[in-house]
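Take a look at the structures listed below.
Here chain A shows up in two complexes: once beside chain B, once beside chain C.
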Partner chain A sequence: MARIPHIALISAVAFAAAVAVATQMNDYLLYVVILWAIFASLAVSFDVLLGYTGYLSLAHGALFGLGAYTGAIMTTRAGAGFWLALPVAGLVTAGVAMVVALIAFRTRGLYFAVLTLGIGLIGHQMFLVASGLTGGVLGFAGIPGPGVPSWLPIDQNLWNTCLALALLLVTFLAAQVFVRSRLGAACIAVREDMTLAQALGIGISRARLSAFIFSGFFTGLAGALFAAINNFVAPESFTVLGTGFQLVALVVVGGMGTLWGPILGAALLTALPEALRMASGYSMLAYGVLLLVFILFAPKGFAGLIQRGAAVLRRPATRKLSPTKEGVR
Partner chain B sequence: MSLLSLHNLGVRFGGLRAVSDVSLTVEQGQIFGLLGPNGAGKTTLVNMISGLIAPTEGSITFADEAGGPWPIDQAVRRGIVRTFQQTRAFLGLTVRENLRIAGIAAASAPPTDELIAAFHLEPVLDRPAGDLNYATLRHLGIALALSLRPRLLLLDEPAVGLTGAEVDRLAQLIRDWNGRGVTVLLIEHNVRFLMALSHRVAVLDRGRLLFQGTPAECRANPQVIDVYLGRSAEHA
Partner chain C sequence: MLDLFLQQTVNGLALGSTYALVALGLTLIFGVLLIPNFAHGEFYMVGAFLTYALVMAGLNFWLAMALGALAVIALGCLIDLVAFRPLRGAPPLSLMISALAASIILQQTATLIWTSEARTIPTPVTGVLRTPFFIVTWMQVVVMASLILSVAAIWAILNRTRLGLAIRATAQNHDAALLMGISMVQVRLATFAIGAALGAIAGALLGATFPIYPTMGVNPVLKAFVVLVLGGIGSLRGAVLGGLFLGLVEVMVAGYLSTELQDIGAFTLLVLVLLIRPQGFFGTAQVER
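Presenting the complex of A and B:
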């Protein structure tokens, strides 16, 4: 298992490289990178819940929206700055995630998914009906963006890109720390065999609740940044069938329980609609076909393909008896 | 000195009385064997002691602390740890990862290196538990429980499905860990294995305690012979 300092170093280098590449991009490409980084952050934090505890939440589209509206309301109605609104959005979303989790963890499996689906639908409906706060179906416009510090000689789009990449970096490192902690190990035990986990005295309630709250916090941060960068949010961005299922797709296509896989999944599934923008009628078709192909032929996602490839490359030299050594979870 | 005392323990599942009025004492440092035909209530009794199910009557005293049984996490904190009749391990994880996870709830550092050596797990450390052969998987199941440094280890039919040599090796492992201070409550259908290991035995029949005493007394008890051992046991 790679150590946190090594992961932090590699991640920081990747972040610096991404920023360097971004300086050479036009505004359109920068926006695609922003979308990718925000959805990759979402996917990484969602992977902590789905990939490490095995619980499928369909409430996360609404939690993403809650973070976005909290950030928007804080900066427009409460007069708070972006840097205050961002953590508050994370904390509010984490708090609501805790309540959702306390209700939802009374159930398991399919029932958990359906219960969170209900919560996701309620959340989306709340964004529509609480129009005094959210702008209703017309959306919430005029959200101030994260201003570029006066000492930094870059334009707004590049600054937005840096923030989105920084959020991805922080989310990824925090997730790495979480899954390597005792709580993370307990989450894995819950996913693998809950009865055995109980018999070993592992606090399963605390573990899965922590994973849900962790995921909620970073989902809220992503939502607030999404709102600030777009200067606008509307309920259609936070539907169960849209963002809710998209998150599942990002994690499954990327590779559940790896943390880095969903970043690749987000890259593929963000780039694809953009690449097919000229043939928008085929965009969702291609999206659907891609999901089918991955589920049928690469159920462990991108990460699984890469790990399998690495194992094949290693095999002639070491002749290991064991089959693929999946990433340490 | 008694470690575990059951006081009139029993449980009903609806109209079915699965275990009724069981009182027995397990002394510190003992290997205590629990015998009985299928459906006698042995596993149900272990489920109650370990906190997996709640009794509907009676109580437990453990290490001079009354008020049990406790929920399973609290039972583990007190040092009561169990294995399962059908071996459970985290099958999708490697043996090394299994041992790491099993140790997280341990009050003190788990004796992982000792367990790896004792249960001969070194060659399979990086293999998924789901790929292990049956005997090694059973060893892993017990090693996971021992990671918690239990005071009382509840072994639910650990020898089932093992060959003669594997059973002998398992017996030696149980003796070794018992020698290190782990008290063992052993459920087993393999009478020879159980009698050879146990300091004391109890026999359950249809949820009730039929007998409690030494293995020699058990073999000679007419009721036990009638209900469970059969006539050949008199000469075993």
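Presenting the complex of A and C:
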């Protein structure tokens, strides 16, 4: 595993490059980049739970919505600024995520998926029912965007793009730190063999709870940013089989258990609906087919394919006798 | 007051019968093959749409339902072949994701074929039965009767045939069943066929009362998972009683509190049961496999 300073340096360079490229883009491309960056940060934080801890949560569509509505309510009714609303949305979502996790982690496997699915549905239904707060089925309009600082000579769209990319950068780095921490190692132990992990005295409850709260916090941030950039949110953006399912697809297609894989997955699956814009009915179908193909033939996703390709290319030069995972086979 | 309660009870049992029909297929597939078949709701949806298409083509409702069920059986076996059989021995997470993918693919395909517009199948039996205490439509009676017939049929298959014996053996211990020379191909096909047929029948019957549309299977399959959890996974009796109970709870919540809270009531029940009695009311706590 590469060390954190290296990763931070590479990510910062990539971020700067992305911003530089973004300055040359038209508004439509910028919007695609924003969508990609927001979904990529969602996917990265979701991967900490799905890929590293091994729990399939279907409640994250609703958690994303919670972040969005919290941000929206903060910046309109409560009159707070964007920079206050953002962390509050993250913290509120993390708090709710903690409660959800305390309930859901009493179960595992299928039961966990079904329970979080139920919670996701309750959440989505709540957005519809609590119309006094959320605007109900009509949606929540007039959310102020993140204002451009007056000393920056750029327009709103470019600023939005920078913020979305910055969120991705922060989420990615935080996730890298998390999975390398003792907690992250404990999460991997939970995924690999929970009984063994318990027997070794690893605090599995604390590990998986922190993974869930971690993903909840960044999901909330992404939600608040999503709401501010779109100026509008509606419950249909936060359904279990819409966003909740898309997150699973992004992470699986990108590569579970690698943090850069989901970023690629998000790029692929954000570009896809745009490429299929002429035939928008096919984009969800393509999501489903891609997900099925990957889980059947390449369960490690895009990242796994790339790693395998790289290993094949490297093999003749540096043949090692160390028993790596692939080497045993 | 009492009249309202009795009426709600009848409505609840009718609604619960459909949940039970959907849950029976789901619990069978999960109990025997350990496959969390999220695509079960799509068996239900395709069953409804095929029945609709055939009725519109001029067929009799019951014939259309039977033909639709046959087609869905084929679809079920195909889904097993494509999405689940290659994943034998894979972690449960892969099976779940694969099932989700299959479900989305079927939904979207149906949307492309039939569009997302809601339709209704003309009701094959009309009229109501009036008693001094409550009113029940003949269609509701048909649904409840179908549940009883289905349960009887499954019971007979499972307990009175060699195939049923093989299915039960597989449910008890997959590896031991394999060692005894039971053909897994047969068991898989039979289980998926029965499950798919039940789903399709439920879809056709419901389609004659409620509107049908491509995502109509989502809610019932989730309710069926709630029923599974309520009744205990793999328990047929649990599926029936759990389904009826869920129907009652929903109708009571809708009748006495608010219709908007109906679904929230169902899923809150799910959360409560998982917290208090995770093995369900009729399941037995079992050691990890």
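Convention: the second predicted complex is superposed on the first by the 319 of 329 C-alpha atoms of A that agree within 3 Å, B and C clash if a C-alpha of one lies under 4 Å from a C-alpha of the other, contacts with A are read in each partner's own complex, and residues count from 1 in each chain.
We take it that a contact is a pair of C-beta atoms (placed from the backbone, for glycine too) under 8 Å apart; a residue touches a chain by one contact, two chains touch by 3 or more.
Just so it is clear, the model here is predicted, and its values are computed rather than measured.
J.: In the overlaid three-chain picture, which partner chain does A:Glu192 touch, first (chain B) or second (chain C), both, or neither?
T.: So A:Glu192 only meets chain B here.
J.: Once the structures are superposed on A, label A:Ile202 by its partner contacts, choosing first (chain B), second (chain C), both or neither.
T.: Touch status of A:Ile202: first partner only.
J.: Quick one: chain B or chain C, who's touching more of chain A?
T.: The partner that reaches more residues of chain A in the superposed model: C.
J.: Based on the superposed arrangement, let me know which partner A:Arg182 touches: chain B (first), chain C (second), both, or neither?
T.: After superposing on A, A:Arg182 lies in contact with chain B but is clear of chain C.
J.: In the overlaid three-chain picture, which partner chain does A:Thr23 touch, first (chain B) or second (chain C), both, or neither?
T.: A:Thr23 contacts neither chain B nor chain C.
J.: Which chain A residues lie in the overlap of the chain B contact set and the chain C contact set?
T.: No residue sits in both footprints.
J.: Could you please specify the touching residues of chain A with respect to chain C in the complex?
T.: Touch residues, chain A against chain C: 54, 56, 103, 106-107, 109-111, 113-115, 117-119, 121-122, 125-126, 128-129, 241, 245, 248-249, 252, 281-282, 284-285, 287-289, 291-292, 295-296, 299.
J.: Give every residue of chain C touching chain A within the complex, in rising order.
T.: Interface residues on chain C, with respect to chain A: 30, 36, 82-83, 86-87, 90, 92-94, 96-98, 100-105, 107-109, 111-112, 215, 218, 222, 225-226, 228-229, 260-261, 263-264, 267-268, 270-271, 274-275, 278.
J.: Considering the complex alone, what residue numbers of chain A touch chain B?
T.: Per the stated touch rule, the residues are 182, 185-186, 188-189, 192-193, 195-196, 198-203, 321-323, 325-326, 328-329.
J.: Which part of chain B faces chain A closely enough to touch in the complex?
T.: These residues of chain B touch chain A: 50, 52, 72-73, 75-77, 81-84, 88-94, 97, 100-102, 104-105, 126-128, 131, 144-145, 147-148.
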